[in-house]
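Listed below are the structures to be examined.
What follows is chain A paired twice: with chain B in the first complex and chain C in the second.
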Partner chain A sequence: MLGQVIASGLAMGCIYALVALGYAYVWNTMAIVNFAAGEFLTFAAYIFVATFTMSLGLPFWSSLLLTAAAMAALGALFSRLVFARLQRQRALVAIIATVGFGIFLKEMARIIYGPEPLLYVSPFGDDMLDFGGFRLSVQQLLIMVVVVVVMAAQYFVLRYSMIGKIMRATALDRETAALMGIPVNAVLAGTFAFSAVLAALAGILLAPLFYVTTEMGSLVGLKGFVAMIIGGFGSVPGAIVGGVLLGVIENVGAFAISSTYKDAIAFTMLLVFLVVRPEGLIPERSADRA
Partner chain B sequence: MSSFLRPAAWLLIAAAIVAPIAMGMNTYYLHVLNLAWIFAIAALGLSVATGVAGQIVLGQAALVGIGAYATALLMMRLSLPWWLALLLAMVLTGAVGAALGLISTRIKGHYLAIVTLALNEIFRIVAVNEEALTGGPMGLRNIPTLSIPGLSETITQQLYLPLAGLMFVSYALMIVFHRSALGRELRAVRDDEMAAEAMGVNSVRAKTIAFMICSLWGALSGGLYVLLVGFVAPTNFTIAESIKMMLMVVLGGLGSIPGTMLGAIVVTILPEALRDLQTYYMAAFGAAVVIIMLVWPKGLGVFSDWLWGSFLTGRREPELSAPAGPLSLAAAAAAASSALAAGPALPETGGPLMRVHKVSRTFGGVRALNDVSFDVIRGEILGLIGPNGSGKSTMINACSGVVHVDGSIELEGHPLQNHPAWEVHAYGVARIFQNVRLWESMTVLENVMVAWRRVPGQPSGEAAIREASLAALEQMGVRHLAMRQAGDLSFGQSRLVEMARAIVGRPKVLLLDEPAAGLRGGLVLELSTILQRLRAQGMTILVVEHRIKLVTSMCDRVVVLNLGDLIADGAPAAVMESPAVIEAYLGERADAASHETRARRIRRRSVNHAVAPG
Partner chain C sequence: MLTIAPSEPPELELSQVDVFYGKAQILIDLSIHVERGEVAAIIGANGAGKSTTLNLIIGKLKPSKGTVTFAGEPIAGRAIDKVVAGGIACVPQRRRIFSTLTVMENLEVGAYVRRHDKGGISATLDEVFELFPVLKRKAADMGGVLSGGEQQALAIGRGLMAGPRLLLLDEPSMGLSPKLTTEMFASIRKIAEGGRTVVIVEQNAYAALGVADYGYVLEGGSIALEGHADELLRDDHVRDAYLGA
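And now, the complex of A and B:
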């Protein structure tokens, strides 16, 4: 039974890791936290399920690609119109503005798709696979595989490709990057689009596990943020480790202590980490600016 | 004209508030208005914590909820009278707020936002699940409500005027608070926390007070809600409600207290006015938040600040006439030098005032300071020089308590190292920063008033603080700027205001990190005269400076740092001839035969540097 609990915790943790990774990318290049990330997830799940799968009847993979493209476009647009302008503002202003945009997205989902929860059955079925006593549903396996692939891909791209070098240069020093001819605004929009795609993936992967509702992303968005704090603010490996750890501890805690307090357990973990190890598990190197 | 407009506006508002009840408005609309008054009180608390003190709280609804549940339970379980229940609920919630305030001293910005959101969610989960205490998802019903039989028939009508009155009194109280010494400290923490701490503001205390005020108003609002409707449920206190309250503060222009009141009224009444558009209301609300933050950050505050006018900013004084020149430093310097000539001889020097002993500090792998020891003699002007990256600013930061170090720094026998910056300031150490750090949203006068500190035997109280601050501004030749907003000043002006802010508390030790930066070449020597005058007033000065001409003309002694090591300590002329110093500046080994000529070269360079613009 505990193995089962850990497995589903791992799957949920992978989702948190995806969202946390999106936060980390945006934080590194723009130094703003996008409090609307959870609603990006919600919106993506609706587009995927209601528009592409149900209305247009497209197969899974093309729906997935179209959703990713749509969310990338939305992310880039939001980045250019709103996010870029929040850069010079105080953190408070940026936080409130992104929270406001989150409300807007959530309500748009409700207005467009209605208040009824949508049921989405995974095309991969809900069989259980047995790995020597360790049972995993197909959907859980899919989540883990997708997340591992995404993590590996982003690592190699960031590390070895020109795009990666450009992104890292922009993150390190935007003004110098601009002087060296890097189209900084495009890079920022691209980074934001990528984080929106990560949220979209999370939404698509979550859809068969829960009903698709306007609230589905809110808590996942918050917990993704918790995962990033646990892992280390802005740290890419930290986001992954923090996400997986949060998912597992939350699930085991819910199993061992009380399932009604599952969310409270996750947030208590945040408080414990902020008091005991505020820099996170794998802290991003940061300069002292006294 | 404006003297007539404002009372007229107030009359209109009073009429608008009395009209609904006088004209017998339908109970439903009266109820909405009552809710607006109650929400305005909750938003008021948030306005102090977030708008005035800059602490992001996205969980105000939970604090309101704690107040509401506590009031209800105290009345129902312990049969306490309503006023006692309300009072106890406020005390309880205030304690929660104080705990939050202590958390906030460790957690800043984004972390605080997520923590308060998380606490709001935890509150909701507990309220839903602890049925024995909270009544679970259905909440508590049949709570005794407050009725004042003399006033009217229904509770809604009876409480209308008292609630409106209470709301106005609450706002008036907070507007007075905004102007008070504590209000200034909160704003200083918001604008620049590090500078606030270095200038004597205990930020832990300030933030704790801000959170307590936030939770007290929240609890009052929650308790009043219970007394009005006799019912509480977890759905009244969700994150969405917290964000709604944040919107009231934002719409009112973040930081404007009267604006929050208008924001609360608009946010509560608008959805009722737009009932037919209910579907689109929340979406429009979300979009409005984004747009307001982007294009209209002052919100409704502009109008309401005018309405409450002089209460918020203090009596507006006529701006003092500006001197003919861009800065009246010359006049100040002339005053200083005549005072020097007339005044008593220099205070007796001798004996170390501040002792720096074996101070080290590393950043990552870099040793910024390496076993540095020197004394600052009482009554001297000590120069601290060295090439870029030699550790000068870190030394100043260590002496002012901004950076923690190994080793010891003592002032008259009191250890200063690793004490909070505000304690170091209270011992009598004040500073200016290399890159000016004024509190930009405050007036110049307020900037200086924050840093004032009580001197035994000197008068205290608001008027005395004001006088002392104006005198400090006068001494730096910038009194005419007193009523200007600090963010509007030029770099040179800000520098002088920062000097005034540093000297207003009559510090024993004044730490100056490149005071002449940003001053035109001609003004540099006048600055030197002013420093002589400060020294004559009993201040000991440690100054970091790049312009060797200035250093040699005003310093009694010089210590030289290079790559974190102390390489020379002595009279300016002797130090300039030291081979180690020459090597540090020119980056080559100086043999005994030729160092004479190199020393001359350095001095020539630095003179050129001092004359060059910028």
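And now, the complex of A and C:
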């Protein structure tokens, strides 16, 4: 039974890790927290389930790709239209704009898709797979595989590709990056689009586990933020470790104490970390922010 | 029939330029003329408008009056990436190395505007490594761990990687020992001898005029004095105000 609890904690932790990674990317390049991340997740789940799967009847993978593309476009658009205008202001102004954009997305989902929760049944069924006593549902396995692939891909892109290098350069020193002829605003829009895609993946992967509602992303968005703080603010490996750890501990804690306290356990973890290790488990080296 | 050979336009020409920051006028009726292959030095005190002049050339600022031309083409008001792709690179003040990128990655990012020109990049990389062998030895090190002199070499190398015809240098001697400054300026001279035009903005007038062909003395946003570098080095006003002699 405990194996089961850990498995579902791992799966949920992978979701938090996706959201946390989105926060870390946006924080590193723009020095703001995108508080619309949870609502990006909600909106993505709706267009994936209601539009691409139910209305258009598309298969899973095409729906996933179309949803990712739509959310990337939305993220880039938000960055270009709103953030680009606010970046000369204090960071707080841009951060509040993300809160506002989140409310906008949530209400748009309600207006477009209605207030009724949607039920999405995973096309992969609910079979359990046995890994030597450690049992995983197909959906949980899918979540882990997608997250591992995304994490590996982002690592290699960031480390070795020209896009990754100009992203890191832009994150370190926007002004000097611009001096090298790097299209800084496009890099920022791309980063925001990528974080929107991460949230979209989280929404798509969560859809079969919960009902799709306008509230589904709010708590996950907050917990992704908690995961980033636990891992180390703005740290990419920290986001991954923090997410997985948060998922497992809240699930095991809920199992040991009571599932009523699941969310309380997650936020207690935040408080404990803020007191004991505020820099997080894998802090971003201070040299990174010159 | 008589044909008149068109004379080559100056590599860089600023003509009667005014630049404002808000209401404050930083450059006043400034005119500068740099021939191809020349090293020009712009010297002056803090706040005289030296960096503003470079920011204007690279496209960070727009003049409210006057023209900026590069190889005969007006460039004032163009976006920075267009200016850099067009053949001007700027080595910023205080070096501004990307600290958690390796030396090699810093150089690669410098070549962003011509990322598809693999041959050109590899030729320039050889040239940069020949000019500053320390960069080759430390290619895999993080930019942030280099010494001041090495970082200045990297900043210049990163500027060269864009493949510029015109290289702008903002205070390359800042924070360097006199010995390193001499070495750095010798390297800058070599860069010019490779066929590039170089504009140096410096507080260290002695070092800059020592390698320059022509010099401008910037005071309060306008040119107080200009002339051949060796003449300026002998000029009484320059000696009193900038050479501490």
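Here is the rule we use: the second predicted complex is superposed on the first by the 284 of 290 C-alpha atoms of A that agree within 3 Å, B and C clash if a C-alpha of one lies under 4 Å from a C-alpha of the other, contacts with A are read in each partner's own complex, and residues count from 1 in each chain.
The criterion applied here is as follows: contacts are C-beta pairs under 8 Å (C-beta built on N, C-alpha and C of every residue); 3 or more make two chains touch, one makes a residue touch a chain.
Every value quoted in this text rests on a predicted model; they were computed, and no experiment measured them.
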item: Partner touching more residues of chain A, whether chain B or chain C; value: B
item: Which of chain B and chain C A:162 touches, first, second, both or neither; value: second
item: Chain B versus chain C as contact partner of A:101, first or second or both or neither; value: first
item: Partner chain in contact with A:114 - chain B first, chain C second, else both or neither; value: neither
item: Touching partner for A:59 - first (chain B), second (chain C), both, neither; value: neither
item: Partner chain in contact with A:172 - chain B first, chain C second, else both or neither; value: second
item: First (chain B), second (chain C), both or neither touched by A:183; value: second
item: Contacts of A:125 with chain B and chain C, given as first, second, both or neither; value: neither
item: Intersection of the chain A residues that touch chain B with those that touch chain C; value: 285, 287-288, 290
item: Contacting residues of chain C [partner chain A, same complex]; value: 58, 60, 80-81, 83-85, 90, 92, 96, 98-101, 105, 108-110, 112-113, 115, 142, 144, 158, 162
item: Chain A-facing residues of chain B, complex; value: 50, 54, 56, 58, 106-107, 109-111, 113-115, 117-119, 121-122, 125-126, 129, 194, 239-240, 243, 246-247, 250, 254, 279-280, 282-283, 285-290, 293-294, 297, 363-364, 394, 397, 402-403
item: Chain B contact footprint on chain A (complex, rising order); value: 33, 35, 82, 85-86, 89-97, 99-108, 111, 218-219, 222, 225-226, 229, 233, 260-261, 263-264, 267-268, 270-271, 274-275, 278, 285, 287-288, 290
item: Residues of chain A touching chain C in the complex; value: 162, 165-166, 168-169, 172-173, 175-183, 285, 287-288, 290
